Structure formats: structure tokens, C-alpha cells
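Chains here go by letter, A, B, C and D, matching the order in which they are written, and residues are numbered from 1 within each.
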Amino acid sequence: MPGYTHLCIPGPTNVPERVRMAMNVAMQDMRAPDFPELTKPIFEKVQKVFRNTSGRVFLYPSSGTGAWEAAIQNTLSPGDKVLMSRFGQFSNLWADMAIRMGLDVDVIDCEWGEGVPVEKYAERLKADKTHDYKAVFATHNETATGVTSDIAGVRRALDDANHPALLMVDGVSSVGSIEFDQDAWGVDCAVSGSQKGFMLPAGLGILSVSKWALEAHKTAEFGRCFFSFEDQMKHNDNGYFPYTPATQILRGLDVSCDMLLDEGLENVWARHRHLASGVRAAVDAWGLKLCAKRPELWSDTVSAIVVPEDKDARDVISTAYSRYNTSLGTGLDKVMGKVFRIGHLGWLNEGMVMTALGVAEMAMIDAGFDVKPGSGTGAAVAHFTGAAGRAQTMAAE
Amino acid sequence: MPGYTHLCIPGPTNVPERVRMAMNVAMQDMRAPDFPELTKPIFEKVQKVFRNTSGRVFLYPSSGTGAWEAAIQNTLSPGDKVLMSRFGQFSNLWADMAIRMGLDVDVIDCEWGEGVPVEKYAERLKADKTHDYKAVFATHNETATGVTSDIAGVRRALDDANHPALLMVDGVSSVGSIEFDQDAWGVDCAVSGSQKGFMLPAGLGILSVSKWALEAHKTAEFGRCFFSFEDQMKHNDNGYFPYTPATQILRGLDVSCDMLLDEGLENVWARHRHLASGVRAAVDAWGLKLCAKRPELWSDTVSAIVVPEDKDARDVISTAYSRYNTSLGTGLDKVMGKVFRIGHLGWLNEGMVMTALGVAEMAMIDAGFDVKPGSGTGAAVAHFTGAAGRAQTMAAE
Amino acid sequence: MPGYTHLCIPGPTNVPERVRMAMNVAMQDMRAPDFPELTKPIFEKVQKVFRNTSGRVFLYPSSGTGAWEAAIQNTLSPGDKVLMSRFGQFSNLWADMAIRMGLDVDVIDCEWGEGVPVEKYAERLKADKTHDYKAVFATHNETATGVTSDIAGVRRALDDANHPALLMVDGVSSVGSIEFDQDAWGVDCAVSGSQKGFMLPAGLGILSVSKWALEAHKTAEFGRCFFSFEDQMKHNDNGYFPYTPATQILRGLDVSCDMLLDEGLENVWARHRHLASGVRAAVDAWGLKLCAKRPELWSDTVSAIVVPEDKDARDVISTAYSRYNTSLGTGLDKVMGKVFRIGHLGWLNEGMVMTALGVAEMAMIDAGFDVKPGSGTGAAVAHFTGAAGRAQTMAAE
Amino acid sequence: MPGYTHLCIPGPTNVPERVRMAMNVAMQDMRAPDFPELTKPIFEKVQKVFRNTSGRVFLYPSSGTGAWEAAIQNTLSPGDKVLMSRFGQFSNLWADMAIRMGLDVDVIDCEWGEGVPVEKYAERLKADKTHDYKAVFATHNETATGVTSDIAGVRRALDDANHPALLMVDGVSSVGSIEFDQDAWGVDCAVSGSQKGFMLPAGLGILSVSKWALEAHKTAEFGRCFFSFEDQMKHNDNGYFPYTPATQILRGLDVSCDMLLDEGLENVWARHRHLASGVRAAVDAWGLKLCAKRPELWSDTVSAIVVPEDKDARDVISTAYSRYNTSLGTGLDKVMGKVFRIGHLGWLNEGMVMTALGVAEMAMIDAGFDVKPGSGTGAAVAHFTGAAGRAQTMAAE
């Protein structure tokens, strides 16, 4: 099918040219004496992206799911009681994992479109005088519903309760794109992957841990080997890995971290806010709603757009793919057919957003939606243009 | 600057993934016994793209300008009288070359925005009873003004006058994108380059010649060596080249010809018509005019858009580049500042056009144009959507 | 440092040009409707490489170590008794993993340079009338010592004892390079990775399982999620994955399997035998010994070469790297300093072996070894040349 | 055919990884405002590689042959008398070009294997009191015979005769590899191409000219356009080109010049001397002779090796290619069948030379040559190894 395939999903995201060039490599010896010259700075740069100054990061050839598992295996023990919440496909899957791995999961179910129930967390933590909860889990950015939760709030709930539980955060679709501050928020295990804000191919699970997580690790009793912190640390400290690392992606990671840090994390976050606002302006102009219940939950990395009740979102997605060579994100599980998603994270600018919105607008019209040509695209253009207009819009953001 | 740099110029065009993959190669021996297995099919495929069944093609490591020169050097002699016309920067440059190389050029100057003056050609050819004109030159698609000329008409003028002059055609920005039929139109030298419809990096001049051009070559007296037909033919016949060829681009050309032929040339042309019409719908909705004087001159590969008299088109272009990371085509020479150009050829689809139009719309608004957000983009969306709408629009095309 | 860095280690191996071209890709949507068109044939091709017709394969974004863990987690339960043996670094590490994961490991320690102690296995299996052993582990090709073990023999031991234990085989550095026949040998879990015989970058753990392993899976009680068979099967059956797969490597895997199957597995094995014999001819001519104790243990994918007692193999390796830009394999753990290794597997031919041998010969001379210039390289040349010579040598192989 | 295809010809040479990565690019706009940030430093770096401080360089999408033609067209006029010599295929072809372009060529024919006849040049220049010779041509490194000529000597001959003729030098297979000093030698037009010492794909003709060549250009009367200095200068001065440049190769050139300059030109030359000496040691050990008549003519970039009278060199070449996947250089024209060539220039180190020598040794043995296994390879190993040995050999060089 002619023309580029447009990738407007919330990951994998578009790989920048510089990164792609850096990964077009011949293989190299992961035991070479100069290998640490490549790897050691990478660990440091990744920590900077997480804003983690006290702990360390682990880079596993795996995925975000692998890093979820690594976090649990390395810091907890079978039967440990933990507090979790479910409000979308990915928070759901992490809870499912915790249960299957043998944790005693106290799970709070919320409507999809809600975020982490910070107040309920606060209540339960206060009530837990015996500190039975060993960890509190929170999905920072629920990719399925386009909801960003208040991690700082979860930390406050822990602190207010003087509770020592670890704070485990899924930052797969937030780190490197929207505000994430591991130090300030006291996140003990922050999970991410290569194929979202890090702008790389899938294949790397990234786990950033605090010094308290490392402390907890010493008594954590899950069996582990592939994901074992101690094996990694023993080798990472010298710039090596306990088994053959995914060197090609590491080479890309080196460059993508440089790009994030050179742009400046605050600028990266502001850019995501700016582009996401353009998408939301279009959604509003189309007369549609986001799956996220309230503005303070709106995600700046992905928008899940609710279609009218008499429509099936899958028609939009399949039309976009088959007629316009464009991948939009599908609705997962409970919201299948009810939402389509536009990913707006990573290596992105206004022109790419115009593709996403233009195609979404065309696909909705093709699918019989009552959408006026130029309504959403025009709203985005209006949002993106003009010094005055921009200032005004930014304020409204 | 974050996000892809959008290339919305009329060449170099976007390189398809398959082509880019094919060119990511280690070097190879251009004298290897199996080298002809690569090259011989390429010659055949390129001929098919030109619809040239009687003659042959030459592939020079050079550019379209090189192929212009090759055409002249190999089929004409110093002092030969030729008929040319100027109505844009590229027709102008080819005439300038002809003059500098020592041809006796009878040049017809037309207003920029006009095309080849077929009727005037017809008159002069009829008047030339002694057949002094050795060749007639025509720029098929004037890239500077977005004008497509009537080459079949020029052929009719030659035939009506029973005139034996060679027909030399610049197809740099037309071949492989819009209708081009070397056999049917009796084109003797058809010039192209790698970086437009062939969807490759720049670096290859492509010249497709008829059997009459090969006949004329035998008595052509220009000094030549690098571009010499005879040197090329001697080696090409065996699948080799007289000097080291640009093998990397040849590898890409092999794939890009496959892509064009697999899509089907008529489909490729129809796609360009379809996408160009979307761009023209936007231009109309913006309240602007094309540089091309009449609908029958509208080019399906590039639109030169005239800005209001009180505006400078360079402001649009520089804003698009600096603020939206997008390259639009500048106005060249006489139309500098008066037009900006959108290239819509090569590896292109609706989503990419939406980027071009969205950015142009934003850049015009930023530059103070009286353009309504969503006007042009909306008109393109309207054009591109809906089975009914599409049929209707195609008819109007 | 000028010139290519020569990769003469037993993995990562050299990536073929075709594979590298195939991996130079933009990202794609792993939920796209046509994604299974890419993935489904890959599963089939990988099964062919393992010669596994009854079961299925799992492709994890991980490594060989990950696939080791996946095999254990998915087919066994904590506390299960298993039979293992240690005779090199990798058989050692797998045993270590099994112990740490909570298996009851009956481990037989052999001298490094020996292989799987098939006779001892036979004895213990015969003695195990109550079928306490749930699985028998065997490292097919011990990469650290260059030893290939007799897996068919282990299968015979199991069959002779009528023992139902699963047969778990580490084929990381054998599959796709030397004879491996999962069906014929009754291997239940065959572990491999992307960066050896599959000629890809590291980043993929490959696990090929028999129908009996899938049966055992139903009652296996290890906690698991990332490596879970059931999650994979549920999605793989439709051509998808339970989490974002490493699509870039899958694209490479598709091509590398084609290359192996097009060459023909028997031809691939014969090529490795042929090239390995050349290396061994050189070792013999240098007056050195292999770490592998007997000819029937010699590995055709890697040779661990024992240096004289008064020398340190690390001098050879560091000289090769710093002076000749060549990575040789180091001695691991017990044999550190005592051996250096030459990997001769994957995308390899005689010319590449000449680099490895030439550099090894130079590095040994530089390190003060009593090695005659041209002795080893000459022996390899003699081995590789001449129809007569070749027939003769092959017989001797 | 398995394993890398070894490229042991005198160009195209092996492309370094860094260069290949740099060329794996999306297209860009050659009229973008920041395009000069890429191009301007390239011109400066290329001049440094030529050691040209007074003049400038021209970068044509073409080849070395194109740069030959550019040199003639831009500095001479039809009918100009010039002095040339022929002693191999490339000096022959340049003379042929000069004749076909209409120069009055006074050509001195020498036996193939000789170099530029400096003394005869001196005689004729002294005898030319009226300064009829407008230019003197010299092939610095005759790629066909592996002969390096004394360009400084030609300059002395000119100076001794107080002769104002331009000095035109073919440095295609010397610049960037062996000593070349345009300033010191007073070279007016130095011709090169991308695919030799510049370690790039073919596709770029590189011409470095002195200020005197630029002066001569003002009165040079050849017709020209594609290769025209004035068109180039007008645009190059601002960082642009008169027509679409081969941007992809320019991106590679930027990196390859950095690599040459970072290594240091003297170090690059010494490395070529060192590696060439290893090849020559092998040739000597094989009992064969070079085509170059005397040691002072030996080229450090390519060796043309004469086979015994009863043998055909093409058997060696075809065996190397079909059996060992290795391209050796063929004998061209007069020496076809009599020599095979090993290129030893560009991105090269000892390990790569061992491949070339190992394969050549095997192919000769396969072809029935009386060559002892390990003779040539061993001689190279002896040459390349040992501090003492190295010092000794370097002295002998």
C-alpha cells in the first residue's frame, strides 16, 4: 500500500532517524574491554530520565511486562499483601500477574476511565496499623483508557499514614513523555519499556528502583534468575551483563536518552501537553468525549476517544488501516468497540498529529459518523497556530 | 527538533521503507560474474516505467541535469538548430544549457504558469520546410510552476508537419508519477532522475531513448565520454558499466521499479491524480490560486500556490520549516516570494497530504494570512472521504 | 580503530546482510490485522529449524537465559527432583538457576572438557524405579569448553529405563548450526537464543517444546506470567503476542530461517563441520590441544583452545582485540586464562575463518607463544583446498 | 552463499560501520536553510584530505571518470596540446577521453607495469620553449597494474623547465590512502571518487583544484554545464548545489573525512604501507612477482600479481568468487589473464588482509598453482607480528 504506514498508536512509537541510524549496526562482543564505555553512561542517562538519583536502573531484554515481573520478584515474597487498583486493561493485567505470582492482592476496582483511587488508598493505608501491606501498586498512565493518575498523591497517602510499603508504579507509557519524578514522588519501582517514550523498538524492559527497593530486595523470597537484581548488579557495576544483552537496542537507548535530555525533560513534557491539547481540541470539535472521566485525568500521551453508542470504534480503526494505511489504537477488553485511541507520545510534532487527526476524521466520516470535514483538523490547526492563540490555549491547558 | 522532518517538496521525495532497506548494503564488486543478474532486469524494468519498448535506457551516476546534458551530447552536434520554450525555472535552465553547449536555440518565451506552446511549435515546425530544426524540446512537468504540458500534442505537431526532428522531453518530475508514454508519444529522449517518481535518493540520471535517438547518435558530433552512449551500450549489453556504477542506488532502483510496476502504472497515475485533487481542493478553500494558468495545465505532482500580493511566500516556507519541521518548496527565480510549492509525488498517501496541508495552513495563519483553520484541511478531508463523495470528486477531476 | 571489528566469538555471531537489511525497519503495529501474515510463518519456520513437528515454539523478548527459565517455570513445579550435570560455565549456570528456582537438583559434576555423562545418567534413571526425576537436563553444546554432547544417547538412556522424565536441552549454541533433531531425540524443551545459529542480534529467547512438554505444562505449578505458555499460546494461535513483541528481531528471524532452510539444514551442518575441521587442523599445527577431552566431544560451533601452562590465554585475547581489532572468546570461570575460544558458527565461510586463525596466530606470536608463522593458517589452507584434499579431510572428519 | 562476501578489490572498498550508519537516512531538502551546516564543513574537510589550502573542491554526483571529464572541460579548450602517458588501463582510458574530447594529445606509451616517465616528461617540457603544452597529465596510482608514480617528480620537471602547464593528476586510488600532497606537489586538478580511499559507495566524483586551475578556468572554452565550475561555485559558496546533490553520500563523506582526519593522514598512509608490505611478503613467499616493475613503483593500495605463464589468472579469480565468496580484482585489457589483483586500501586491517591472502592462497592451490599452504599467509603473519619483527620489517619497507 503506497505511502508510509502511519503509526498513531500509543506504542511502539516512531523511532527517530538518529536512533534508527545508531541501531543499524554490526554485532559486537559484549565481553570486550571497551564495552563498559558504551553501557555505563547509558545507566546514568536512564536514571536521569526517571529522575532517580538514589537508586539504580535495570535493563532487561524483555518488555514492560517483564519489568513488572522483575519488580515483584525482586522486592516481594510469595504471600505478601499488596494494594492495587484496576481501571483499565493494563492495571488489570498487572493485578492479574500479581495474583498469579502468589501475592495476596487487595484490589480496588474502579470504573474504566477513572484513575488510581488515591483517597481509598489513603483510607486503607491509614487503617493498616500493622503495616500488612508490603507494597502499593499504581498505574501512572493507563494506556487503555488514556488516564493519568496522581502518583504524588499516592506518595502523600503513604506518608500521611506513615506507611513503609513500597510504591510500585507502572510508567510504561508515561516515563520520558510526561512528568515523572521518581525521587520527588518516592517511587520504589518504576517500570517502563523501550517502545514508548524511549522511542525505540520493543525488546527492552526498563526498571528504575529506589534505594529502598534495593534494601527490600535483600529479603525478597521469590525465586528468580533471569530478572534477578543481584545477578544484574554484580555485572552491571562493571559495565557488563549476566547474559548477552540486546546490544543493538542499548545502542539506540544511548542516543534516545541523549535526545530526551538534550531537549530537556520539561520541554519534552510541555511538547506532549501541547500536542495532546491539539488532539483534545479536535475530539471536542468532533462532538466526542474522552474515556478519561475528568480533565485532571486526561493523559498527554494517549487519548481514548469514545464513539457514539450506535457506532463501533472498530470500523474507524479498520477503515483507517485498510484505506489510509494508518494504525490507530483499538479499544481493549471492556472498551472494545467503544473507543479508538490516538497515541501522541514519543518522537512527535504537529505535522504528525495532523496525519493522525486527518485520518481519524476521514475514517469516522467513511464509517458514517456525523463529523464535519475540517472540524477536528481545524480545531487542532487553531490550537497549534498563532503566538496569541498559543498563549491562550496553553493557559487553558 | 522533535518529530520527523516532513518532506513536502517536489523531490527528493520520501524513500519507501522497502527501498531504504534494499539500499542498506555492503559494497559489492561491479565486475563480479553475477552482477548482471542484478543489473539486466533493472534496465528492463526502467524501460517499462517509461513505456519504451523500442529503445533503451541509460543510467548515469549523476542527476537529471546530467541526463539533460547526456541527451544533447549524444544525439546532436554543435550548432544544430533546436526549438525550445521557457515558462519556468527548469525549462529555463535546460534552454540555458543548450545555449551554453553551442546549440542554435530558437526559444519561445511564455509567461510563467503557461506550458509548452504547442500551437506555436506547430506553426514553426510547419514553416520549417527545410527541416532545420534537429530537435524539439519540451518540459513535460515544469516543477517550478506546477505545470504539466501536452507532450502528445507536441508529437502531433511534429507529425502534422511531417517533421523528422527529435523530441526531447524533460520528465524529471513526471515519469513514474503521472501519465508518461514514450512509445505512444514518440519521445526520443526522455530525461528523469532518481529522486522524484523513482522514490530514491538523488544520484542517478535516467535517460530513456528511442531507436531514432540511437540512430541520431551515430552522427552526433559533440565530444563526450562520461555520458557517451557507445561506452554505456558496450558494457550495458553485458550487464556491466564503463565505470563504477552507483550500485547502492541501483539496488534501490530495482525495488522501486518493482513497486511501481506492482502497483500498476495506471494506478500510480490515478493515485497521484487523487492526492493532487485533494491538495487543489484545499488551495481553493484557502481562497488561493495556483500558478498554473488553467486546469488543463495543473500538475498532479506539484502545486505552486500563489500567495496574496501583500504577502511573501518565503514567510510561509520559513515558518513551516522552523516551527513545524516541514520542508515546503520555495518559489524559484521569477516567482520567488510569490509562490510556495507542495510536492505531492512519489511514495505518498492521504495521511501524508494531511501533514502537508495542515502545516501549510498553520504556517499561513502564523504568517498572517487570512485563512480559516480547517478550511483547506477540511476540503481535503471532504475530497478524500466517502465512496459517494469520492466518485463525485473523481468525476470533477 | 581502522577496519572491521572481527567477531570470532561463539555469539553474538555475524548478522548476514539480508537479515540486517530486513531489520532496518520503521516500527509497526503489533495489533494490525495483517500482523499474523508476518508472524505465523515464522513459528512454522522456527519449528522446522528445530525439527519439531509435534509441538510448538515460543518466542520471548529475552535471551537464552530467559528461555532456560521459561522451560523450567512452565513444565515443572517447585521441589521437583531433576537430574543435571555440570562440565562448563553454561551447564553450571543452568544448574545454579534450577537450584535457585527451588528444584531438587541431583547434579553430576564432571571435569570441564567432558560432556553429558550419558552412562551415569543411564544408571540413575534405571535406578529411579519410582520415577522421582521429573526432568533430565542436558547441555547439548557447552559453549565454554567447546564440547558437544550426545543428546540421542540421553534419549536412549531414558527409553532404556522406560523413564517418563522430560528431556530439557540447552541448544543455544547448537540449534541452527550443528545437527539437532528434536523429534528424533525426543527433546521436550529445546532452548535457544537469537544471537548464535539464528544469526540475529541478541534479544530473543527461543524455546521449542514437544507435545509432552505442553502436557506437563498443565500441571506445572511455578508462578509465571511473562514467560507463561498459556498466555503465549492464547495469542500466538492468532498470530499475536500477549505483550509487545520484539518485532524488529522477528523480521530478522523470518529472513534468517529462510536462509537456513534454503541452504538446507544438512548443508548448514556440513558447512559447520567443514569450517570447524579447518580450525582444528590449525590448532593441531600450532601444537595445542582443545579443551574438549576427546574427538567425539569436539564442537563444530566453538573451539576452546588450551594454552601452554606457562602462558595466559587472556594475553592472546587482549592482543587480538587491541592490536588486531578482533574479538576472540575468553575463558570463563574455571578455565579463565587457560583457554581462548574461537567461535565458528553462524554466517561463516572460509575467508572469515582465515581472519580468525590469522589473528589468533599473530596474537599468540605477539604474546610469546612458540608458534610458527603459517603453521596454523597453512594447515587450514591445506584443509580447505583441493578436491582430493577435501575428500580426504572430510573422511577423516 | 554463506558468510560475508569478501571485497578484496581496489574499489569499491569496504564501507565503515560509522559511514554506513550515517547514510541510513531519510531524504532531506537540499534547499533547507540549515543545509549549509552539513555541506560547508564537508568542503573544508575534503580539501584537508587533498592537502589543498589554496583552491577548492568540487563534488559531483558522478564518478572518477566524471571528475576526469570535469577537469578537462573546465580548464582547457578544444585543440589544446597536452602531455600524457599510458602504462595501464586507467592511464589509457584518460588519454582516450582526452583524444575523444578534442585535445591534441602527445602521449608517451610505456610498458604496462611502468609508471609516469618522469624523465621523458622533463625532456619534452624543456624542449617546449613556446609552452605549447597547456597541461601535463599523470596517473598517480595506476589501479590496473598496482603502480604508484612520482608526482613530485613531475612537478620538479615542470618547475625545472619553468613551464606553466597545468598538472592534472588522477588520484582516484591514491587520495585518502597513500601520500598525496596537492599543495607541495603543485597539483592543479586532482581527481578522485567516493568508492576508494573515501570508503563510500560509488556515486561521487571528487575534484580538487588549485587557484591556478580556477584561473585557467576563466578562459577555458569547452562547452559545459553539468560539470561547470562556475555553476558549482555560485551555489557551493552558499553551501548549496546547482542541482540536486547526492545528499546521502555527502552525509557519508562527512563521516569518512572525519575518520581519515581523526586517524591522521600520515597514520593512514603508514597503515596502508604496513598492510601492503604484508601482502607483498606473501607474494614473494608464493614465488610470484608483482606487475609493477620496481620496488619504487609498488603501490600501497593495490597489488597486481603476475601468475606463471602456464596459468590463467582468471581461474584464481573465478575460484575465489565461486568457492570462497571473495572478489579479487581481475586483470584488465592487456594484462587480462596474466594478473589478479588484491586491493588493500580503505577501511582495512590485518585480519581483512588475512582473508584476502588466505583466499588467494586457496584459490591458487585449487587452480593448480605450485603454492605451499601457509607460505604466503605465514609470510604475512611473520610480517605483521612482533615488536622486533615489525620494526625490522618497517625498516625494510
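We adopt the following convention: contacts are C-beta pairs under 8 Å (C-beta built on N, C-alpha and C of every residue); 3 or more make two chains touch, one makes a residue touch a chain.
This is a predicted model, so every value here is computed, not measured.
Set side by side, A-D and C-D show the greater C-beta contact count at C-D.
Of all chains, the one whose Cα centroid sits at the greatest distance from that of chain B is C. Note on chain placement: the centre of chain A and the centre of chain C lie 35 Å apart, centres being C-alpha means. Centre-to-centre separation between chain C and chain D, using Cα means, comes to 45 Å. Centroid to centroid, with C-alpha atoms defining each point, chain A and chain D lie 54 Å apart. Under the contact definition stated at the top, the residues of chain C that touch 2 or more other chains are 4, 14, 17, 20, 24, 26. Touching chain C in their complex are the following residues of chain D: 1-4, 6, 14, 17, 24, 263, 268, 271, 324-326, 347-352, 354-355, 357-359, 361-362, 365-366, 372-375, 377-382, 384-387.
Of all the residues in chain D, the ones that touch chain A in their complex are 17, 20-22, 24-26.
Those residues of chain A whose C-beta lies close enough to touch chain C in the complex are 4-5, 7, 9, 11-15, 20, 24, 26-33, 60-66, 68-69, 78, 96-97, 100-102, 193, 195, 201-203, 222-226, 228, 242-249, 318, 321-322, 327, 329-330.
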